[in-house]
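Worksheet for the structure shown next.
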Amino acid sequence: MRIAAFGEIMMRLTPPEYLLLEQTKEVRLDFTGTGVNILSNLAHFGHETTMITNLPDNRLGEAAKASVRQLGIQDRWIGTKGNHIGSYFAEMGFGPRPTQVTYQNRRSSSFGVSDASNYEFDRFLDEVDLVHICGISLSLTDATRDAAFSLAEKAHKHGKKVCFDFNFRPSLNEEHSDTFMREQYQKILPYCDLVFGSQRDLTDLLGMTLDETLESTKQFDELVHRFMKEYSLELFAGTIRQTEKEKSYLTGFLCDAVSCVQAAPREIIQLDRIGAGDGYAAGVLLGFIEKWSLSETVEFATVNGVLAHTIQGDVPLTTRKQVKHIIEQPTVNLIR
Amino acid sequence: MRIAAFGEIMMRLTPPEYLLLEQTKEVRLDFTGTGVNILSNLAHFGHETTMITNLPDNRLGEAAKASVRQLGIQDRWIGTKGNHIGSYFAEMGFGPRPTQVTYQNRRSSSFGVSDASNYEFDRFLDEVDLVHICGISLSLTDATRDAAFSLAEKAHKHGKKVCFDFNFRPSLNEEHSDTFMREQYQKILPYCDLVFGSQRDLTDLLGMTLDETLESTKQFDELVHRFMKEYSLELFAGTIRQTEKEKSYLTGFLCDAVSCVQAAPREIIQLDRIGAGDGYAAGVLLGFIEKWSLSETVEFATVNGVLAHTIQGDVPLTTRKQVKHIIEQPTVNLIR
Amino acid sequence: MRIAAFGEIMMRLTPPEYLLLEQTKEVRLDFTGTGVNILSNLAHFGHETTMITNLPDNRLGEAAKASVRQLGIQDRWIGTKGNHIGSYFAEMGFGPRPTQVTYQNRRSSSFGVSDASNYEFDRFLDEVDLVHICGISLSLTDATRDAAFSLAEKAHKHGKKVCFDFNFRPSLNEEHSDTFMREQYQKILPYCDLVFGSQRDLTDLLGMTLDETLESTKQFDELVHRFMKEYSLELFAGTIRQTEKEKSYLTGFLCDAVSCVQAAPREIIQLDRIGAGDGYAAGVLLGFIEKWSLSETVEFATVNGVLAHTIQGDVPLTTRKQVKHIIEQPTVNLIR
Amino acid sequence: MRIAAFGEIMMRLTPPEYLLLEQTKEVRLDFTGTGVNILSNLAHFGHETTMITNLPDNRLGEAAKASVRQLGIQDRWIGTKGNHIGSYFAEMGFGPRPTQVTYQNRRSSSFGVSDASNYEFDRFLDEVDLVHICGISLSLTDATRDAAFSLAEKAHKHGKKVCFDFNFRPSLNEEHSDTFMREQYQKILPYCDLVFGSQRDLTDLLGMTLDETLESTKQFDELVHRFMKEYSLELFAGTIRQTEKEKSYLTGFLCDAVSCVQAAPREIIQLDRIGAGDGYAAGVLLGFIEKWSLSETVEFATVNGVLAHTIQGDVPLTTRKQVKHIIEQPTVNLIR
Amino acid sequence: MRIAAFGEIMMRLTPPEYLLLEQTKEVRLDFTGTGVNILSNLAHFGHETTMITNLPDNRLGEAAKASVRQLGIQDRWIGTKGNHIGSYFAEMGFGPRPTQVTYQNRRSSSFGVSDASNYEFDRFLDEVDLVHICGISLSLTDATRDAAFSLAEKAHKHGKKVCFDFNFRPSLNEEHSDTFMREQYQKILPYCDLVFGSQRDLTDLLGMTLDETLESTKQFDELVHRFMKEYSLELFAGTIRQTEKEKSYLTGFLCDAVSCVQAAPREIIQLDRIGAGDGYAAGVLLGFIEKWSLSETVEFATVNGVLAHTIQGDVPLTTRKQVKHIIEQPTVNLIR
Amino acid sequence: MRIAAFGEIMMRLTPPEYLLLEQTKEVRLDFTGTGVNILSNLAHFGHETTMITNLPDNRLGEAAKASVRQLGIQDRWIGTKGNHIGSYFAEMGFGPRPTQVTYQNRRSSSFGVSDASNYEFDRFLDEVDLVHICGISLSLTDATRDAAFSLAEKAHKHGKKVCFDFNFRPSLNEEHSDTFMREQYQKILPYCDLVFGSQRDLTDLLGMTLDETLESTKQFDELVHRFMKEYSLELFAGTIRQTEKEKSYLTGFLCDAVSCVQAAPREIIQLDRIGAGDGYAAGVLLGFIEKWSLSETVEFATVNGVLAHTIQGDVPLTTRKQVKHIIEQPTVNLIR
């Protein structure tokens, strides 16, 4: 199965050794983005992946493409438009000090100014079997919204699988009303087959309600299946974070049309506080592509999400072998 | 309120990534000192701050001044005298391995060789409302002792607030008798309004005794208030470290003429084992300047002290917003 | 004399050791801009300097202000507006390979979106004696043009010296006609006292013509004096680059109402290919402020420009002592 | 035209800032090799390129492949065999101090232990139009010699262009007699279409002699054409270094069946002393692929070789735009 | 007592800041090996130490010797043979992600190709009192096996103490049968006086069995003493790792002919997951050399092993003072 | 011949990539000093070398000793006294910008406070054949002067060769009269056998005069031989720098009792502007130890001095092979 993603390639700048921006003259430069993260991980799992997006026609665009290729993603559908790359600075948190992200220039980025007319979606879709669309497209600009709708619709028509990620960020939507945002999500969901999201996305964003007449343990499943049925989804998945005695745990849930399964919670030890969600999504997609059982998939995906936190940067660079090692030999912390 | 500090600007050299000195050819170079740390933090909280000290008239002195300015401190009262900057190497500890500090050249530093005649204290005091004096001045050299006494006395006479920090280090006082050191502290305290110290400073250094006829929970308060009354102090404050089940906690206490309050203990997670005391002091001074309640002040200051340990180097670079974030949303460890 | 500048604070990102962007994950981060460069240099020469501009109210804005303070420039007139800092990547050239600059996000920067209403020019002008305005303001956006005109006019009315720098970049003006740009420059020049530019600025941009009936050696002087007279300028200055036998040389020229002087050419050896112009301008301003003779000024400024190329980054961090050392002891290449 | 190369992917480790191995604990890690260098450059010129070789099935092999992809080369024909990557340390020279290369482990590398049976040459050749074979294969091991002969023969039979590079290193051939080595080269040449080499390769290695009865200026052309005719070559090319007044110059020569052209010498200014040959070869191949004239090709290739020396590492990362800039605007050393 | 060791000097290459190989272009370069680690630690404890091994006669060999000298080990018995240094890349683990070691080129290293005839063991033994032999010699190559046997036999004959370390790695012995490996260990043990190993070495490798008729707490002691008696050993020692509530603990055991003692378990906090075993061995040897009691030795050695995990790299660079500090003042985590 | 040196071990701190102190937070840390430089170089040439000096008994002292050992120098005569290491910051010059050295704390260093009673010179001299004494000892403090005289006298009495280096720095002698310094040099010279210096040392410092009645080309030789005769010296040597057409050249001269020879001037290309003198001295000592001819020695020493400028830091780490390579194959700038 040939996997593709549509979304933004961003530049991440990170001071070394947990320093604040004021404390350093050196920053580490990476290229990232939800699509990049998921595709790179799937490439490391052995699948062929392709990114469709736009970058500026300058040295930064060239460097971004080189980086994307290094991550294992094909760059032949990366076009050029506009002059900027959206970027963010990540001051890495430590202990009680949070990781602080500062964005630069997202809406006027090459991706932000590209609408459907700036991509050759038809020819592109000929070469792919599943396309991932990041929900941030619905928030960023009119152009990205236009492109996302167009791609989702075309893919659906061509019988390609559409995987969609809610990725709703209030901070990116201060200028839009809740109703406006709800309508955008409602507009794209009918084209989708696999969706990543949370209970809050369904209740707060889409305005659905839990059926409180049910046992509390069944309310979530019922909600999810109501949602999946409405939009004829094959899979709905997401992660849940829990804190217990000052330790944090990650659990993944995964629902098909029939049932929902949940993984055993895994302790989170974070080298980098960004990226577990995309690691989880990559794991779910791997199981989907390779037709694993729900429970096998959810365990693999959860471990993969946990591992993503032990790797610097947003991109989960795990291999199949590494994930299996954690599942099978969790106490062996030195391999030689 | 215009805040100033009198003290040494030191150079700190730190190997990267917890390496020992033998293991590296690269060291990180920072400028620090109790006065620098507190003033920089107050500047980050939005107050105007000024340092009075001396530096060598060479490239290192220039670099030190540039660094102090970057930290937000005005440098117009930093003069030149002597040829050296006191420095220390900090080999950062990890787990059971302690952080190891090695001093170079403190007593012959520009600050160490400057006495009262090398500063224009009168003109300087015209421009400030509160001056912080670091107790290390009493230990370092005859010249620094002379300067500290002169400054404290003049400030007191001009009706400026004097804030004094015991900062007693036995290792700096091996050549002086206990009696001699006690006399120095007794000589400066009458000029002071706010004092940072510990129970041990009062008992071991000043020779005061706990009134053991009182309930044990009241002995400390009584001791502090006896001390404050003797020297007509407005505030006395300090920090207490506790260890429980292999975890460390920081609590701050803060006393005015009437009562003492203590903050809820906060777990200490250390990126850098140096600097919490100055972070706490900066927090207390902020509350004092802005006339906050004791309890509001002590909580803010304690969180600020804990945050100081999550920042590389001695200088607590926290902002008001960061401290409030920890108080209000302690579980949000990623801000974007 | 209190010197100020109005202009953009940019972020410069530079790969280490002459690497290309594709070759590195580490970049060096500096803050720069014509105003920053000139003021920092004047501060290093011992003068009080202030920057007026806007920065975003976020971590990058705070880091930029810290950096500007470190450079010796007061930050009390730096306000906040907008969300972005203009930035550029500089891939350092080597031998025949040119230095390649790639801009990001200039027009939507905090500076780019700020017009006259976003600054308190009147109160600001009370505190300064001379203000430098960078000509890039005329090209960047309508807002910056508006702000520059407003500031120049007010300063002129208040009897403050206005120093203006043509700094014309065709690449920033592709959307404007030549006529439009000429009009902008013609509009600001009547408010100016000191101007930095080149013969080409006068002929190509302003449309003046050399009087070819004169001896060729006198044509330039005549042109400059015609221009200076038209706008009642006190000084006009600039630099000329010459290449001879594969070596490059820098010469500065400096004209007052009466005459023009030129410095002896100095060989250019470049560690960094950006920054000589601002170094030259800082030297000229120093001579102006301190009322040196034209010839003394032009020599100092030229050496300062040459030295700027031997310092990493755009900011010329030279001291008076360093410039004098080159003039007096050019062969002593090791000082201890 | 789809371009491919067969050869070793090596790991290069380089101390920073011209340090000796004894002086540093940090080394820069790159992946390189003649094939990598040429293909990466052609990819940067816009052509599709593929590498065929073997790497170990471990983390180093994965890192090497990621690096090769980043350079723009497809990795689908890179297989796994053996356990090692050949590597070398390059202590960068400065002034009279030479660059010192120290090899590790070449003969037992994954490439060194792979013979023809370890590659799927037939399927591979279906996807390529021209294949470059590095002459080092003839020196390294029996296995690499076997693989090189097999690939050259098959490619020739399938009507694919074979490009061969003498790349003869006496230091790699101490155990073989001159006769043995000559026979190997004589065995592969009949399959070749384009050859890179020097006069010395023809005389010393192949034992050909200059016809000294000719004018000295014609001897080289006659020798080359005699050689080309013997092996039915389309192109023969190489570089010549000249030193004049302590400056070094690079010239390229390029011969087709009819004539030889030579480029104007270009001064060599070296950031890195390794890599000009591969840069020149990439330039020649670009001209060949795109059917440029000999003289256009040789100028472009020579400039490209000179530029390769201004880039850190062995891989010439130049773009078409950069090479043209040097040809058209050699004095513009700052582009913005 | 003059201490020596026979074994391999390896090169370790480590990406900084827990990065994966794919994520960095910079690696840290150290020289290490069981012998190096133990001798360096003993040198830091104040003893004279010497290494006997072979290195290539090139820049890497020179750099390795310089590094060994820096660690405090004399290099006069380090000869030259072969062309390679065995090396390994260590991708440092974090949290659940294991440290991943990738070896390069061990068997063809200078050490791997050197047999007894390549060393002057007799002259060497004249200058030493105790020689440590690393068990890896028995696995690596026929040559290293030959050299190890020869050295052990000669040392034993000359009345020098022989210290042997099982260091059995299944991954290095895939080509040998269990029986073959057992015979090699059985062949060297009669020459030994002190042995480091584990219960598993005695049971799985040597084929001994626990006497299950004894109380379970006594089985291990009985096994060890049976083993020690068979080979007339003075000391047998090793470490045990325990995990409890997600924390890890290290305990050391130490047996002389009469009894076995065990240290109190110490929590392991790991900066580097490699090296505790060699730290423990160095501690045991120190106690042996200085004739400490078993219990004093085992505590010191265990703390030293725990400290080794807090130091980057394999080499435990602890001093006597540091170890004693942890024993005496475990809560003082900042020394100044 | 066992070579030793008496002198200071200093710490050198150098910003990377030609940055100024204000521009960096990272500095490179090396240990150096005339004795260290010369001995390390002789060790790299294959001779046994030992340093006698004092260092503080702390982590910096330990790091300094480790570094000295790495350089190939034995540390068994390095004692402990005092608390500080003299240090200097070197801001590396570029083009016309000079290298700027800033000293810290030389006079109160461990070396500076040690007099003859703090060394065991007699036992030390038993183990050496030639001892180098750096003339800076005569300037630094009364204690170092005392130690230098004592060592020179004892060595002379024991029949050991004494090598002395004028190394006169006016900046270190501002408090002493010319007469005082002359007397110190006159006091030590009678004990010396080999002396490094310049014509100016003989005329300005010692007050000797050129015999201007001689031909100008013979005046220098006559002066030197008069000086050598007065103090019964075996060798007098030094370097001369010349500048021609903006290029610099180094020449060495070397005189025995009979004649003076001079080397062919070599162009100086500087990576580091410190260290050529010590490289030259090491070369001269090598020739002396191995009884080479004057002309062979002076050429080797001059090339070694020139090479020293191509190596970062003060320590000339050249090998015999490298020096010979330059002499024999000056145009081969890449060795593999």
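Every chain is named by a letter (A, B, C, D, E and F) in the order it is written, and numbering of its residues begins at 1.
Criterion: a residue touches a chain if its C-beta (ideal position, glycine included) is under 8 Å from a C-beta of that chain, and two chains touch if they have at least 3 such contacts.
Composition by chain, UniProt nomenclature: A, B, C, D, E, F = Carbohydrate kinase PfkB domain-containing protein.
Quantities reported herein were computed from a predicted structural model and do not represent experimental measurements.
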**Request:** Going chain by chain, each one touching the next, work out the least steps from chain D to chain F.
**Result:** 1
**Prompt:** Hey, which chain ends up farthest from chain C, C-alpha centres compared?
**Reply:** E
**Asked** What chain lies farthest away from chain B once each centre is taken as the mean of the Cα atoms?
**Response** D
**Which of C-F and E-F has more C-beta contact pairs** = C-F
**Asked** How many angstrom lie between the CA centroids of chain D and chain E, rounded to a whole number?
**Response** 45
**Request:** Return the distance between the CA-based centres of chain A and chain F, expressed in whole Å.
**Result:** 63
**Asked** Residues of chain B touching 2+ other chains?
**Response** 17, 20, 22-26, 62, 66, 70, 100, 103
**Fill in**
In the complex, the residues of chain C that touch chain A are 13, 20-22, 24-30, 58-60, 62-63, 66, 83-85, 87, 89, 91, 100, 102-105, 108
**Complete:** Per the touch rule, the chain C residues reaching chain B in their complex are 62, 66-67, 69-72, 319
**Parts of chain D lying in touch with chain F, wherever the complex brings them together** = 17-20, 22-23, 88, 93-101, 103, 169, 171, 243, 246, 273-274
**Fill in**
Per the touch rule, the chain A residues reaching chain F in their complex are 23-25
**Message:** Using the touch definition from the top, list the residues of chain D that touch chain C in their complex.
**Reply:** 16-17, 70, 266-267, 269-271, 306-307, 309-313, 317, 322, 325-326, 330-336
